[in-house]
Amino acid sequence: MNQTDLLKILEAVESGKLSPGAALERLRHLPFEDLGFAKVDHHRALRQGFAEVVFAKGKTPQQVAEIVRAMLQKKDSRHNILVTRASPEVFSAVKKTNGKTARAARFHPLSGVITIERSRETSGKGVILVVSAGTSDIPVAEEAFLTAHMMGNRVDQLYDVGVAGIHRLLEHRESKLAQARVIICVAGMEGALPSVVGGLVAAPVIAVPTSVGYGASFGGIAALLGMLNSCASNVAVVNIDNGFGAACVASCINRQ
Amino acid sequence: MNQTDLLKILEAVESGKLSPGAALERLRHLPFEDLGFAKVDHHRALRQGFAEVVFAKGKTPQQVAEIVRAMLQKKDSRHNILVTRASPEVFSAVKKTNGKTARAARFHPLSGVITIERSRETSGKGVILVVSAGTSDIPVAEEAFLTAHMMGNRVDQLYDVGVAGIHRLLEHRESKLAQARVIICVAGMEGALPSVVGGLVAAPVIAVPTSVGYGASFGGIAALLGMLNSCASNVAVVNIDNGFGAACVASCINRQ
Amino acid sequence: MNQTDLLKILEAVESGKLSPGAALERLRHLPFEDLGFAKVDHHRALRQGFAEVVFAKGKTPQQVAEIVRAMLQKKDSRHNILVTRASPEVFSAVKKTNGKTARAARFHPLSGVITIERSRETSGKGVILVVSAGTSDIPVAEEAFLTAHMMGNRVDQLYDVGVAGIHRLLEHRESKLAQARVIICVAGMEGALPSVVGGLVAAPVIAVPTSVGYGASFGGIAALLGMLNSCASNVAVVNIDNGFGAACVASCINRQ
Amino acid sequence: MNQTDLLKILEAVESGKLSPGAALERLRHLPFEDLGFAKVDHHRALRQGFAEVVFAKGKTPQQVAEIVRAMLQKKDSRHNILVTRASPEVFSAVKKTNGKTARAARFHPLSGVITIERSRETSGKGVILVVSAGTSDIPVAEEAFLTAHMMGNRVDQLYDVGVAGIHRLLEHRESKLAQARVIICVAGMEGALPSVVGGLVAAPVIAVPTSVGYGASFGGIAALLGMLNSCASNVAVVNIDNGFGAACVASCINRQ
Amino acid sequence: MNQTDLLKILEAVESGKLSPGAALERLRHLPFEDLGFAKVDHHRALRQGFAEVVFAKGKTPQQVAEIVRAMLQKKDSRHNILVTRASPEVFSAVKKTNGKTARAARFHPLSGVITIERSRETSGKGVILVVSAGTSDIPVAEEAFLTAHMMGNRVDQLYDVGVAGIHRLLEHRESKLAQARVIICVAGMEGALPSVVGGLVAAPVIAVPTSVGYGASFGGIAALLGMLNSCASNVAVVNIDNGFGAACVASCINRQ
Amino acid sequence: MNQTDLLKILEAVESGKLSPGAALERLRHLPFEDLGFAKVDHHRALRQGFAEVVFAKGKTPQQVAEIVRAMLQKKDSRHNILVTRASPEVFSAVKKTNGKTARAARFHPLSGVITIERSRETSGKGVILVVSAGTSDIPVAEEAFLTAHMMGNRVDQLYDVGVAGIHRLLEHRESKLAQARVIICVAGMEGALPSVVGGLVAAPVIAVPTSVGYGASFGGIAALLGMLNSCASNVAVVNIDNGFGAACVASCINRQ
Amino acid sequence: MNQTDLLKILEAVESGKLSPGAALERLRHLPFEDLGFAKVDHHRALRQGFAEVVFAKGKTPQQVAEIVRAMLQKKDSRHNILVTRASPEVFSAVKKTNGKTARAARFHPLSGVITIERSRETSGKGVILVVSAGTSDIPVAEEAFLTAHMMGNRVDQLYDVGVAGIHRLLEHRESKLAQARVIICVAGMEGALPSVVGGLVAAPVIAVPTSVGYGASFGGIAALLGMLNSCASNVAVVNIDNGFGAACVASCINRQ
Amino acid sequence: MNQTDLLKILEAVESGKLSPGAALERLRHLPFEDLGFAKVDHHRALRQGFAEVVFAKGKTPQQVAEIVRAMLQKKDSRHNILVTRASPEVFSAVKKTNGKTARAARFHPLSGVITIERSRETSGKGVILVVSAGTSDIPVAEEAFLTAHMMGNRVDQLYDVGVAGIHRLLEHRESKLAQARVIICVAGMEGALPSVVGGLVAAPVIAVPTSVGYGASFGGIAALLGMLNSCASNVAVVNIDNGFGAACVASCINRQ
């Protein structure tokens, strides 16, 4: 259920097709149903206009499939469903849940994302551009890309433009960077890309450090610290490898 | 010089009042003039539509005053000037620079911000709300508030609403939180406020950890980590005590 | 052997049924018997009124089974036996030890806890409530729940009430939170739940950070620091993932 | 206003001396009044039965004095007032606020605590014992001692009993340790004291690491980690140097 | 070749049985022979009177076997051979090297130590006592025990005497602790044992932190910091899990 | 009172000059007298044969002077008194305590050590050599030197022999390094000196990291880690800047 | 394409064999071709005169093979190809790419390096010497050795010369150390080797910390810090285990 | 005494003007003379061709002056003298030492460097370029600049070219960056500058992190990690704020 759905209910009330009591009941009923191990929060979509999301890591394939089924069975809801950090086993379990919609599920192995696209409505106002520094940052960039797409945004990408070959980035200054309303900037190692990108554009830059690197990269800490200390002032940061979170923030911004 | 100024130059060219060559010269001349110790980058205002900013810490009062004078002497520029992390000594030096405008400078001792307001134009589309957790977070909150104001935004505030007294925050849910287009959330200690705020709104939340706390707060690391790991997905983070940076990002967003 | 058992011995002495020398011998005999690799300390139950506990991690299935057998063979003892951090292999080995009692052992796979319940006596005065933030925190919450139960407490639970959906928690304010004599609060990621819970109740809150999360959660450090810096003043903290320890402390308190 | 006070109001309602509306008004009026820089939360005392507390660090002497005055002017309240981390300057400012009560304020220079004792009612059920390891831990121990006292507990102390001279501690096993209902255990350096104390008693132990030490004590981190990893299972931990917090938790427990 | 062997060569020179030139040749020949991947340093035994030692971790079974063979083929040497951190595969490879001596090799699976005992001469003056805190510390304690034994010391042990059950340790004060010339103290978790032991004896205590524990034990850092900050002044520390190193230092001391 | 003194008492008992009861009384009386803020433990000297030591940091000059006075007034004791980490103010206060002995106190400003030498008896068997890497390590080296001297050892020194000029150290291989029974090795920065020294001698090496250095030396952590990871196996480590502790351990060893 | 190749193109232009337009086209065409997942940057060889390099870790065998094929198909290029951090699977995939050259690929299992040598031209002016401390540092040393060789340098090696056996190093002072134009110094554990080597030579020393060690070596942090704090002033450091990077820097220097 | 001086002595021997014995005596006499607190190592200049250097921090003004005097009194030496991390007090003390040369000393207050220039000989082959990111990095950059100059190099500078304004840097690509034989790159905050610079040039880049920044810059750790993880492969790193060390390494390279 997203804000449009809610508006429909309210208009049904206004037009007399639905009694306030019945409306209330339906709204109250929505919040979260108890699956025993997790409360599926249908209100979150209401509150934030997001797609429904399941974080698969640490859950069994069966648990994920249960949650997805509950989401699919909700009558009034048509928003997209996104499962992140999923293994092929999780994907198999999800595919076996009920009916046609689940069979439309697609698996993106690089990032471990499962998408069930039910709405192609675009709610974001501009383009979100996902920029990444190296080949190994692509899994995180893909998670960001798919999340932003599933949340109703137009999304573009610019990959493998690390700062040690600065001309690669500069080449796209007009064609890509200047066109974006929000930029998601994914980088591991020294995490310098958001500073350079931030200095080239007027749009907000959401920086995602990745755990790519070795030795003193400390699983992404070096990149994280680099981004937090960015000398460009239009940069904000999310957690290491958190492509999903970056897309959520970017999506919020793009909807404003 | 901000984007409006630039447009004026370009229109002057279009209308024949300014030759392209002269326009080019003026534009090329702008970038940064060499003060010996620092290149004042007038282009940054152009690129990002921000006020001119001087980070005073680590500079002598004389250096800051020099930079401010260079900014004030630029004929075509009317944007606001902001000096952050300034001491009373820096303020005295700035006051003594040339003429009337500098005398209009105001000092905000809690946050160490100096403001020289030359334009009251509002370029942000909505309201930026600054929320803070405790009394001791106010200096950072004030830096964010003043920066956002100087960059042409309408700004509101909601202070002292830490999560251990959750009712204080909930009371303002409709009146303040729901009205904001962007929220800046300032908190020290465990840094839990952005998670709670993020869960209550659909707007993007820029979280600022503060170095307030003692012992295992480690100068703001606890709050920083808390915010990076926020379970609310519309939260992005800037550096510890970086009220200025949060306002820059919020301002970028609010202008989109 | 618990305090009641000890009292019986002493009363037997008082009434002449047991000579002081024999009593002394029995008491002295108790402390710990040498199994070669570990001294089973029967006195601990005496001192703290706890169930007998084996920490299985780092021990072979055979070592654990040996220790459990020694506990079971002790004639005077009837307190419950708890094995934590056990694998299915450990459970198999324990099941094969001597006789009926061991066959009553139950395995809880989510938390890796083995319980051998021999006494249903309730020694705690009130209810211990286990609150947890997310689905992935449940293993640690279950360890706390089972430990508190085996130590003779009435235990209740409230799961999946993270702070980004604060209404879920507030809903249970009267029915659950206000009824508890001690609260165990389990949370990963930013660890903000104890602060909010602590602000809502007058009871002591034992906070357990979990290693759930990724990136800058650093295996639970973010949650740990968040809890240590809690702005609620009725919160004390135990080690990361230490559901057992939290239940021990809660049990101590509940017996006072 | 503490729970007894609230009960009186409610009984006044019951007996007809106070109309529900008037009672409501009085209750609603209480929460927090806006002093501009800090919301004084009188409800906290209501919710947790604690004394009113001001954390002075990071506030100006004038701010602290203002907050204390607001507390003193509240007609219905008679609970004790505690100011922690205060300097002599703060104490001077507090002394100069209104009237007799403020003049009764006492300053404890070792711990920087200011006490204004208005009630000698004992609400805790047993004795809280404060144990400390070395001479240099005494400031933190004193903060814990005074806080526990001001919150209506009988408090005892046992200082300078570090584990390298284990006989000093064992000497007091019966006379002090065994008599306490809750133990607060304060130690710097390796923070080993709570493990030893926890092994000797059945009562809950609240451990407070101190920043005492040098080199690899890292301002209390060594002690903090030692306590979090305590092999005694009745130990919970609060923040470094947080004698106040330890006393709050202990007080919660002692009131149950 | 140890100091006694060297003395024999020198005496042979003195008595004319060996020409100085031949002696020089033999001595010069000894230092290290090139195996391509590692220089076997026979001089180390000379300099420090230690057994020959191979650190197996990070070497292939074949590499370890090669090194051991080179040690065994050295005619003049009769000192013991010790391989640490060995897997069963390494042991198999070592068993297959040349002749009778290698077949006398024994494997100690708990600690992964391989011993080839060729000399039972005792060169240490007193007893080295290995004390350990918990069952899981035994692998490290065994490495220390075997190393000390192979280096020609009388060694005794006292296991599972953690500080939370302080009476277990005190019981052995006279019989074990007071008899030792050097004490090796092995402990994980909070690492408090060396402080208590150090306070009970006049002998030097070599503390070995182990990586046993979970959560905030950080793989032994908590124990390491605890030991470095020990309030007992006769404690020195070696690296985490370094039972071998502790025994080397203890052996040096015991030989003085 | 040291071990010799104790022996005298016991011999007096044996010879009938002192009744067992009187001896017991004297011994029991010794342990620690309550000065209010610190228990002076005269037994420690008995147990460990050390000089009496006061750690002045964190104590007021008056507190230190009180403790020293209590030590001086003890009739049966003649051992040396050592105050570490003292300021000139502490020294003044100590000088003013009672009588002739206190006036013999000497202050060593580089290390902040105060010495009151009352016995010149040498109880150590060999020479303790203090080696240090750079000029700035001398304060810590001096603390070690004076402590070892006051505890009855012959002490020698070899300063400014850092590993970047390895020939300086090698020059003294025979004359100094080979003559020492125990070596204390003091170094900041990379802390490499103990590894090199340890490789050159057969004696035990007690390594003391110092907080000398800047940047990534992190107040001595770099040196500490270097020493803990020493590839020489006769090296054990004490806390950063802990010259006193190193001398205590060395003294223990030298007395064996 | 390296600088010599570029010169040939330019000379072809000069001599009229190639039109400027065609030259431009060829040069412009070179930069990076889009393989979808990675931009192969042929310009890097041009800019830095390096061999073509693929970092295999985090790429699938197929991805690596694709990149190598693209490099081999480039007509004008004859420089060496180096694949680092490759598994045997990657090697198999590379072997199967097109034609004779790929079949000339060699795999070095210790370091996981694949080399395809197409040019034996020596561009470095002097000898690069790779020095390593222990047997377990050899994989990193080999990566450095092979990289330096493939980049056109004469390379020599000196392995297993750790500082605890300082004479092994000193023996080669004249024959090896003094002959090198640049020294790469590889060491784990305490990382002391570069300080000693740096003190013996006038050439620049590139230090490579390795993750060899255990416990407090923290995966190479101890060695890294040791090297950053080196008391020898001709030492610069690269990332942990970064043998490749060290050889790149050394190669840059050797070409100057 | 530098290498040229040494050659002169040797030629004097060859030509019979100096007897070998006298030459030996002079050479042997040189190494280091004992000033009590520090061995002045005249050989270092010999070995490395560097200027004589005194690290003033942690030394008293008198100690520094003594060392400088010893350097000045050495007859055969004419190399430059450099004092780093000096205060004005140190400078005063140095000025007062003996004679004309000391009076030629100059103080550079920004970096705290004292220079005594006695030789203007240029021994470096090319230009060393010092690049810095921000105004606050200039003190460290100046230390590097002066050190490189005093060691006989031609030095150029390019300041205030941080990556958030990438065009400032690119502007100087041909005129400055491409001309340098070695580049020293000084940056605080995220430390991204060396990566960008390294990608633009073929020369080796010595990166110097500075402690400039706040919050999560952690006194330079963020910049340090960023540089160690640089994606440009011609970058090596020295310690935080170590402008001196960077210049030493650069000087070594420039002399090859």
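Labels A, B, C, D, E, F, G and H are assigned to the chains in the order they are written; within every chain, residues are numbered from 1.
Methods note: contacts are C-beta pairs under 8 Å (C-beta built on N, C-alpha and C of every residue); 3 or more make two chains touch, one makes a residue touch a chain.
Please read all numbers here as calculations on a predicted model, not as lab measurements.
Participant: Which chains make contact with subunit D and with subunit H at once?
Facilitator: A chain counts here if it touches both subunit D and subunit H, which gives B, F.
Participant: Looking at A-B, A-H or B-D, which one is a repeat of the F-G interface (more than half the contact pairs shared)?
Facilitator: Going through A-B, A-H or B-D one by one, only A-H repeats the F-G interface.
Participant: Between B-D and A-H, flag the pair that has more C-beta pairs in contact.
Facilitator: Spelling it out, more C-beta pairs touch across A-H than across the other pair.
Participant: Quick one: subunit C and subunit F, Cα centre-to-centre, how many Å?
Facilitator: Whole-Å distance between the two chain centres: 45.
Participant: Using mean C-alpha positions as chain centres, tell me how far subunit D is from subunit G in Å, no decimals.
Facilitator: The mean C-alpha positions of subunit D and subunit G differ by 61 Å.
Participant: Between subunit B and subunit C, what is the gap in Å from one C-alpha centre to the other?
Facilitator: One centre to the other, that is 50 Å.
Participant: Please report how many Å separate the Cα centroid of subunit F from that of subunit H, as a whole number.
Facilitator: Distance between chain centres: 39 Å.
Participant: Which residue numbers or ranges of subunit A touch two or more of the other chains?
Facilitator: Answer for subunit A, listing residues that touch two or more other chains: 134, 165, 199-200, 215-217, 221, 224, 228-229, 233, 239-240.
Participant: Using the touch rule from the top of the page, what pairs of chains touch, sorted by label?
Facilitator: In this structure, the chains touch in these pairs: A-B, A-C, A-G, A-H, B-C, B-D, B-H, C-D, C-E, D-E, D-F, E-F, E-G, F-G, F-H, G-H.
Participant: Quick one: which bits of subunit A touch subunit H in the complex? Just the residue numbers, please.
Facilitator: Answer in residue numbers: 133-134, 162-166, 170, 189-192, 195-196, 198-200, 213, 215-218, 221-223, 225-233.
Participant: Of all residues in subunit B, which touch subunit H in the complex?
Facilitator: Result: residues 31-32, 37-39, 41, 43-44, 57-59, 63, 209, 211, 219-221, 224, 239-242 of subunit B touch subunit H.
Participant: Which stretch or stretches of subunit D touch subunit F in the complex?
Facilitator: Going through subunit D, the ones touching subunit F are 135-136, 138, 159-161, 165, 167-168, 212, 214-217.
Participant: With touch defined as at the start, can you tell me which subunit C residues reach subunit D in the complex?
Facilitator: It comes out as residues 47-50, 53, 125-126, 181-182, 199-204, 206, 224, 228-229, 233-240, 244-246, 248-249, 252-256.
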